[in-house]
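First chain written, first letter: the chains are A, B, C, D and E, and each begins at residue 1.
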Amino acid sequence: MSQLQQYAILFGLTVGTLGLVLSLYALARAIGKTRKEPGKDVPATAGQLSRDPVWVRYHARYTTFALLFLAFDMEMAFMYPWAVVYKEEGLVALLDMGVFLAILFLGLLYGWSQSALKRQ
Amino acid sequence: MFGSREFSKPNLLHGLIGRATGNDLRVLVVPGPELALAGGLDLMDAGLRMASGPRDANVLLLLPPLGDKMLNAASVAFAQMPRPRAIVALGVKNISPLPEADIYGELSQAGLIESVNSLRLHFAQNSFSNSVQSFDAPALQSRIEYTCPMHPEVVSNQPGSCPKCGMDLVPRETGTDTGQPEEKSVQKTQSSSNAAHAHSSHVKTAPAEVDHGEHKKADGESGDATAKYTCPMHPEVVSDEPGSCPKCGMFLEPVKAESDHGSHSHGSHSHESESSVSKLIGLEPGFMSMIEMTEGTPRSSDGLQMEWITVPFGPFFPGLPAGFGLELTLDGDNVAKATTSSFCGFSDSLENGPINAGDYVENLQGQMPLAPLTYRLLACRAIEAAAEKTSENDNLRDATLAQERIASQLRWLTNLGRQLGLKGIERKAAKLQLLIIGADYEQIIKLTPELSQFIKKVKATPFLRRRLDAVGELPPQSNWDGPQSIENNAAGRLVARLDDISQSLALIKKAGAIGEIKLAEIGNAAGHGHASVDTARGKANLHVELKGGQVISAKLDTPSMRHTELVAPLTDQQELGDALVAIASIDISPWEMRV
Amino acid sequence: MTLELVVTLIIAAAMFGTGIYGALSQTNLVMIMMGIELILAAALLNLVAFWRYLHPDAIEAQMFVLIVMTVMAVEMAVGFAVAITRFRSRGSVEMEEAQELKG
Amino acid sequence: MSVQVIFLLAFGLAAVWFGIVVFRTHSMVRSALALLFSQTAVGAMFLVMQAEFLGVLQIMMMATEMSIMAIFMVMFMMDPGGLGEMDMKHQRKLSLWAGIIAFGGASGLALFGDWGPIATQIPDAGEQVRLLGIELLGRSMLIFESAGLTILTAMIAATSIAVQPPHRPKETPDKSKEPYQVHNHGGAA
Amino acid sequence: MSSFVLIASLIFATYGVAVIEEWVSTNRLRLAGPLISTLRLLGQENILPRKSDRLFFEVGPVLLLIAALLSLAVIPLAPGLIVTDLATGALFFNAALAYVLVAMIMAGWGPDGAYGMIGGWRFLGQLIAYAMLVVMPITTVAMRAESLSTIDIVNSQEMLWNIAYQPLGFLLFLFAGMAMAFVPPFDLPVASGELAGGVEAEYTGVRLIIFRLGRMVLILSVSSAIVVFYLGGWLGPFGPDWSWSMIKILGVAALMLSGGRMLPRIREATLLAWSWKLGIPLALANIFLVGVLVLVVPL
């Protein structure tokens, strides 16, 4: 099966799931309508109505983890091709990737020492 | 009629769905699962599963006692439950804002099982019916109030312009006051400022420009030598360099000392950049400056000025005590401020004149459903002290008190298990609690090995101590008289409560029998009496004044009243999950809080 | 066959144009970085199109794509670090209010 | 008009349309996720062009990175929910013209440049990954290591800028009554 | 014919995971349980929150289901029984599961509810903790198999399963897999004790069916990935090969669901700290260990 056919199957799988979901929605709509009642469509917070909008500038505490993750994530892109050819290349591949991983680990250690790996 | 979904002629599929709904019941217990356990009802055994919120539930189970604030909250929860839904009332007759209950049963395990079976029938028959009515309740009405985007504390009922900054007020929907548990404090917190974004009007160069310029920004690095830096929260902390305040870690803000007003001419501080934002060169008119918006807001611990939201963790929050109204101001997922209230506090029953001693004892016991016998003992002892009489079976009474303490600690463990996701502990503690509550002396002795084996299992739960020992650090001089523990954190309190169970078991074994708590015969004695009882949550004391066999005045001081002040320091700047576990670890009973 | 190459290049050009419009018109630092991301994505698209249709044997093109992806990630990391510091000291990352950073 | 062109056009138009939505929508999270789906459409175009490893990599990397961009946008932009319909743009005319000229130039180049023979013979997916691996360890080892160094400098730069130096007062402050003098010996000038 | 068998076995496995999940959480084995709760939810009203972001509210659960199904597309139940045998199958599994995060952010941000929003952004923090720990063990598995295709990976475990060959990688991948499928003790976004249902709080009716179905397929795909990468896929001493992979998948799912229940829910700060300070160094050590092992041991 050539590659393009495989991607076509994946695309078909996605469209098939969308079809399943839409048919389920149609079945649910056929079963009955949702009745509009006061207070029903307000976000439910455990017995009280919270009407104020909640879309605020959410203060995430893992910002420094995120920065380190953005840079560290790239290492994965280089590791997959290396892993595939590793057995052929033998020792030079191990040393090569060793240097690469050591460099990245250095960055991680620096972050660790600057207390970036903590809940800010 | 208020529970079923509308469909003209229900067909086979609707019947099937009705039967399926009947077999998969998700219950939202009002006031809370602890009440069911205290009343000896085993919901799991009856085939009901706990719902985590109103959207997840299809059965509303009402248990006595129910105040009107609790009923208002129940009507809000019922309104938010998706149809088909049903109301089951056990041992409760008048549930005014809620519609007529679908099934009435009496408050016992047999009554519960019988009402669950009739509930399955009810769902099978009229999950779908053609005559349906909308449910409405006073707590659901909403009215429009107007508030200024820049100053959330300015609130008025009709449109106009804000007295402080002249911007026109923005409509905002809010509940009518009858629905809210207590007066919404006028000083709304940050939350309404994000409603500010509903305003599309541009920033007018309002008179308030003047004070912007004065407020010099704390440019952390290039602090010039003459400026003084002080901490916004601790003005007495004064330092001549930028940094963070040793007391609270907040960033030190530059203060406008008189001496340096004229002298600052340092490069980066050119006077021109000091002028207000809107006079910056090259700025398009109508530019919505963000500096103005984030200027006044307090800084979080990592120096960023973020917006806070006020989120209610209301009466039916799984994991928190039932009926405990908690409102947290969240900065991200850190708690910045916590305000507590109670949906079912007790009220002094002496407003309408003195009542005789026997009724006072029954009345106090009725108001405290989570610890009825404890407060009955407290009332009897206080009245007997006032009448200088001593009851003969005092040590047997202590055995009853110990039995109730064990039941209360086991309910606390169920709550902790539900909050931390430990289903095994939650189920086992509930089962043991149901056995203990109805047991007489021999049964308790037979239960002792099972109980101590369960205590060992809880202590051996992997990672439980590690999860709890960083949480719930009580401030040093706080008046905490609950179970004393060596380590001052949630893990210490867990171990203290487990030891409390074993001590109570030993006490019951020593007492030899469980005594019935009856008020000694006092005739028409008079005088002052004081008594104090060591309840599961701490020391409760009652001061009673008797005249002619009648109680004229009584002053009750319960542990939960004192411990609610601990909630704020306990949860300050804590992560949300830790704050909730800390609150659960001090085991507040909203029934013991004043209304 | 050149039709596919030209179609891809035109789409990459359209993304490039959108990226430039975005980067120049937005006032917020983070939105400007999104514009740059779009420009880099257009560059990626061109690279892969050239590799696929013109020189499939030159595997260096794929290596070049990996490097451009690294640039995207690194640029975002440092950009957000600058945004955090600026927000901490000034309270906003609107470029309009960054006049004092001018030379 | 082979199947490939149709899919290329479909995903391409989706990518460009999401790119435009990024700057037109008011809600910040919508704009961040629009960019995410634009990058995913670009990844899908790589798949259509049979560069499987790059396409799957692009789809994966961009999902996590653009979500992180979404949280940073929510943290630093004024009205993340888009309730206020605020328009945060300036120098509209200039940027519009710059965009059109850029598009015109690039597409002109694409249309009128002669690209020479179109290759039809492409290594299959597994082969591509293997060749890339050998290339990585062979000729482009220096590029591979310098990419590592770039990532290292990015990590160090990001951490040193973003993380506040921990402020610990040098010695415990004394409890005297007069105003609280904090003595930072040798602190930052 | 084989595609019909494949679809039937996937549906059976998802139903099996749903039965195990209900059995673990209510201590009652009810084979018709998932069917009954699906019918109940089908009959429930579909409430739309008032000022919600309608697009996110609708797309969230559907994207979760599509991401989980796409990640299942590269999992082989038997040598021929696979939806698409991509040459970069292991990478595609990881790419598909990255969109679980996007779905959770949409489902959290959409309905404008406090619990959902906090749950959604918490899951992004959780991703930052587990993402690297998913990637590096897959690299070592690919190292041994010299290819990213999942069928080659299973064939490479002919002599010795990867759980014995690289146990450290197995433990890290199990830890990261449970965090990826937000199975308790890592159920931060949908914590019922802390956030009253979190991201699921605002969903009712048929959208909740899609959300729960997506979650079950996600648990199935994570446990089948563990089986394919570490427990030798369909390799088994005797009997039909697809039965082996089915038994192993349901076994791993049961292990994940019941094992996790015994631990208290982890704090997000602890999860991040542990995975960055202990997880990533261990993963790097695992790469070196396996690197040497692959060169030395002829297996």
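Note that in this section a residue touches a chain if its C-beta (ideal position, glycine included) is under 8 Å from a C-beta of that chain, and two chains touch if they have at least 3 such contacts.
Predicted model, so just to flag it, every value in this text is computed and none were measured.
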Number of steps on the shortest touching-chain route linking chain B and chain D: 1
Set of chains adjacent to chain B and to chain E: A, D
Touching both chain C and chain E (chains): A, B, D
Chain closest to the middle [Cα centroid of all protein chains]: A
A-C against C-D, pair bridged by the larger set of C-beta contacts: C-D
Chain A and chain B: spacing of chain centres that average the CA atoms, whole Å: 34
Rounded Å distance, chain B centre to chain C centre (Cα mean): 49
Length of the line joining the C-alpha centres of chain D and chain E, rounded to whole Å: 27
Whole-Å separation of chain centres (CA-atom averages), chain A against chain D: 15
Residue list for chain A, restricted to those that touch at least two other chains: 3, 7, 31-32, 34-35, 40, 42, 44-46, 50, 53-61, 63, 66-74, 76-78, 80, 83-86, 88, 93, 108, 119-120
Numbers and ranges of chain E residues touching at least 2 other chains: 42-43, 45-47, 51, 86-88, 91, 109, 112, 114-115, 118, 121, 124, 128, 131, 147-148, 196, 201-202, 205, 268-269
Numbers and ranges of chain D residues touching at least 2 other chains: 4, 27, 50, 52-53, 57, 61, 64-65, 68, 71-72, 74-79, 81, 83, 88, 90, 124-125, 129, 132, 136, 144, 147, 151, 154-155, 158-159, 162, 164
Touching pairs - complete list by chain label: A-B, A-C, A-D, A-E, B-C, B-D, B-E, C-D, D-E
Contact footprint of chain D on chain A as seen in their complex: 3-4, 7, 53, 55-60, 63-64, 66-78, 80-86, 88-89, 92-93, 96, 99-100, 103-104, 106-108, 110-111, 114-116, 120
Complex interface listing, chain A residues touching chain C: 63, 66-68, 70-71, 73-74, 77-78
Chain C - residues contacting chain A, complex: 66, 69-70, 73-74, 76-77, 80-81, 84
Chain A contact footprint on chain E (complex, rising order): 42-43, 45-51, 62, 65-66, 69-70, 73, 83-88, 91, 109, 111-118, 121, 124-125, 128-129, 131-132, 135-136, 139-140, 142-144, 146-148, 196, 201-202, 205-206, 209-210, 268-269, 272-273, 276-277, 280-281, 284, 287-288, 291-292, 294-295
Contact set on chain C toward chain B in their complex: 27, 84, 87-94, 96-97, 99-100
